[in-house]
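Structures incoming, each one as structure tokens.
Heads up, the next two complexes both have chain A, just with different partners, chain B and then chain C.
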Partner chain A sequence: MAESLHKESKVIEDISAKFKIAGKVQRERRVWVTIDKDELIALCNFAKGLGFEHLSAISVTDWPEEGTFELTYHLWSYSERILLTIKTKLDRANPAVGSVVPIWKENAQIHERELHELFGVEFEGNEDLTPLFLEDWDGPPPFRKDFDWKEYVRQQYYDQANERERAYYD
Partner chain B sequence: MVEQATKMKRLINAIWIFNWFNSCGFCELIPLVGSRWDMERFGMIITGTPRHADVLFIAGYQTLKSIKRAQVIYEQMPDPKAVIALGACTMSGGMYWDSYNTIKRLADYIPVNIYIPGCPPRPEAVFEACMKIFHHVGAVPPHGRKFAKAHRG
Partner chain C sequence: MTKQMNEKELITIEHIEQIIPGDTDYNFYFGPAHSGSGNFGVKLRIDGEKVTSARADPGYLHRGFEKLMEYRIPMQNAVLSDRVCVLEALNWNLVHAEAVDELTGVEIPQRARYIRVLMAEMSRLQSHLIWYGVMSLALGFDTGFKMAFGYRDYILDIFELITGGRVYPAGYICPGGVRRDLPDGSEDKIKRVLDQTEEMMQKMKDFDNIVFSRRTKGVGTLRTEDAIRLGATGPVLRACGVETDVRKDDPYEIYDELDFDIPVREEGDAYARCLIRGREMEESIKIIKQVLDRIPQGNIREPAKITPPSRVKIPEGEVYVRNELARGEGCAYMRSVGGGEPYRVKLRGPDFLHMIPVLEHLLKGSQIADIPAIYWSLNICPADMDR
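Moving on to the complex of A and B:
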């Protein structure tokens, strides 16, 4: 088993030599790294240099109790066949992070636009953060866990005085 | 009125349909297009552009974004025109009744002539709605908008 994870360990060695962070080989072809948000862009640049040229996805996890957003970048290397997962945490009150659009171009653009509209994360350096789906939206970012969407819908669409819609308020 | 009635006769021979379907909406019409129910034998033909269409089929939930496009499509259709709304989503939001991003009643945004209930509606129900158009088309004023306004009160 140890030999078969050689190339995965190599990725972590390369990264920890430069960034002083510990990574973890999750299993075959899966590597996880957690980094401070100030070093994120540098690490992404470095990872692309290692061959992680495809950004599969960016996702946000909302942790309201901790007051953080956790950003997860999934990077794929076609040459090594490894999925590198980079995680970083942002302050929930001020969720700003550097944009990776200069690194992965259009690949990153669509994800950053989506996360901006659904979680309100600011990607500094991204020129075009116009909403993807929510045109004319005036509520809070809807995927935040503290967004009471049921209450929002009641106010926006339904009328408690209407007998046929009273059931929506029960 | 005579002129309007003549205009409406065109609808009686055949209705040309433009489809505007979101999400699972098109599942509702696929059986009709196929050979078993075969809508073309009744003169129902799907067109590629709203400018050639008499009837607009709207199915599935409409999001805040897609309803604007649907309104543009409706405006592009020549008079006389009718709107048929398929499925529970167009009537009440369906299973998306508590979604922040979908509209709840299609008639609040577009004049709807006929709602077809069901999730999805049976093909026979769609036929029945179209037969109602064929049968009562003479009684429908040519401007769908006025018709809908009068009936919404």
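Moving on to the complex of A and C:
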């Protein structure tokens, strides 16, 4: 097992030599590392240098009890054939993080634009964060855990005069 | 009186210049209800015949699946995952099921793995036939459109036989395996449909010179470094000379046991993308034949009985699953905190990148007449972009 995961361990070794962080090999071709927000951009630059040139996706997980947003950057290396996930946490009250647009260009730009709209995360340095999917939306970012979509739909669309709708809303 | 009237009726160059003052710049809105565009628009700025800038306008199909999945247990989400992309529902079923399976750590029965791959490849075939149909329509070749959709229907008949649904399989590929075993005699029926599909592919080759090559050669050329930078995946990237396929590079299910090739071309233009898809259909047929030859007997789901909703638990953890869809890389990030519903699901569709950065890049500088060829050579589906 340890023998066959040599490639994956090498990535963690390379990263921990420079950034003093530990990572874990989840399985073949899956490597996860967690880093402080301040070092995120430096690590992303380093990862690109290691061959992780394809930004597969960026995701946000909302942890309201903890007061944080967790960002995950999923990177694929065409040469090494490894998926590296970089995780970092942001303060939920002030969700600002450096943009990775200088590293992964237009690809990163569009992912950040989506997450800004759905979670309200600020990507500093991304110049175009105009809304992508939602038209004329002025409510809170809808993918946050504390956005109660059931209540929102009830308030917006429940026609109380229509008896047949009662089964859905009451 | 007559003199005045005549002066008014006669439209002179001066009149036109008053209406269009001095230049040939104008805005042009492609979509969002154009018959060839799907529910998606592109705002174009045109100078004469040339596109000077393009800006994608997505959102018409945004249904918020990622959020909806946080309120449902995996079996319900399997049904929901059909809808992520209308044109390849079974492939998205598989992405979702794999994410849950990796979290639960269930050993999927071998027969179920074979059925999953069989259905995923059939789905790829019918998706490529849709692409061929709409691409033909975009190029003004109605015959190709009608034939492709006709032949696709044979595959849909097989889907109906196996899953019960023609387009939406209602979560046929579900966490733990598949919902039902193959009905008796379905292998023979599938083989017959493969023969019919091969017949269609021969016709596609015969039509090639009439329409496709003339309208697509040298159009919408994407360079390799641009393709990687813009996040292109799948056939679009392979048409730019990058030999990559998730089925080979990051194998899932039983793909590492199967023998198939990755078609690659160097040109990077719309024609190369068309040829790649034609070749991919051949490879899919090769895979399906191998699967049918080797499919073992056994269970089709683990656990065989579906767990009652109140007892469903997804173990705590997080996974990132990658699959090769007909359009490119389809991924799911799933996070669980040990409840019945996933805590967070992120779906990454190939068209999110193909329809926004790649399309904008290719349209800029192109001619109006080439827009449909470029648009459809990317084989795009607004549904998996908006999610």
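In this text, the second predicted complex is superposed on the first by the 160 of 170 C-alpha atoms of A that agree within 3 Å, B and C clash if a C-alpha of one lies under 4 Å from a C-alpha of the other, contacts with A are read in each partner's own complex, and residues count from 1 in each chain.
Here, a contact is a pair of C-beta atoms (placed from the backbone, for glycine too) under 8 Å apart; a residue touches a chain by one contact, two chains touch by 3 or more.
It should be emphasised that the depicted structure is a prediction, and the values quoted were computed from it without experimental measurement.
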First (chain B), second (chain C), both or neither touched by A:Thr68: neither
First, second, both or neither for A:Asn126, with chain B first and chain C second: neither
First, second, both or neither for A:Leu83, with chain B first and chain C second: second
First (chain B), second (chain C), both or neither touched by A:Tyr157: first
First (chain B), second (chain C), both or neither touched by A:Tyr168: first
Chain B or chain C, by number of chain A residues touched: C
First (chain B), second (chain C), both or neither touched by A:Lys105: second
First (chain B), second (chain C), both or neither touched by A:Gly139: first
Contacts of A:Arg29 with chain B and chain C, given as first, second, both or neither: second
Chain B versus chain C as contact partner of A:Trp149, first or second or both or neither: both
Chain B/chain C common contact set on chain A: 133-135, 142, 149
Touch list for chain B against partner chain A, complex: 63-65, 68, 93, 97-101, 103-104
Residue numbers on chain A that touch chain B, as the complex places them: 133-137, 139, 142, 149-150, 152-153, 156-158, 168
Chain A residues within the chain C interface of the complex: 26, 29-30, 32, 53-57, 59, 61-62, 72, 74, 76, 78, 81, 83, 85, 104-107, 109-111, 114, 132-135, 142-143, 149
Complex contact set, residues of chain C against chain A: 58-59, 62, 64, 66-67, 228-231, 233, 242, 244, 249-250, 318-320, 322, 329, 331, 333, 335, 343-344, 346, 348, 352-353, 356-357, 361, 386
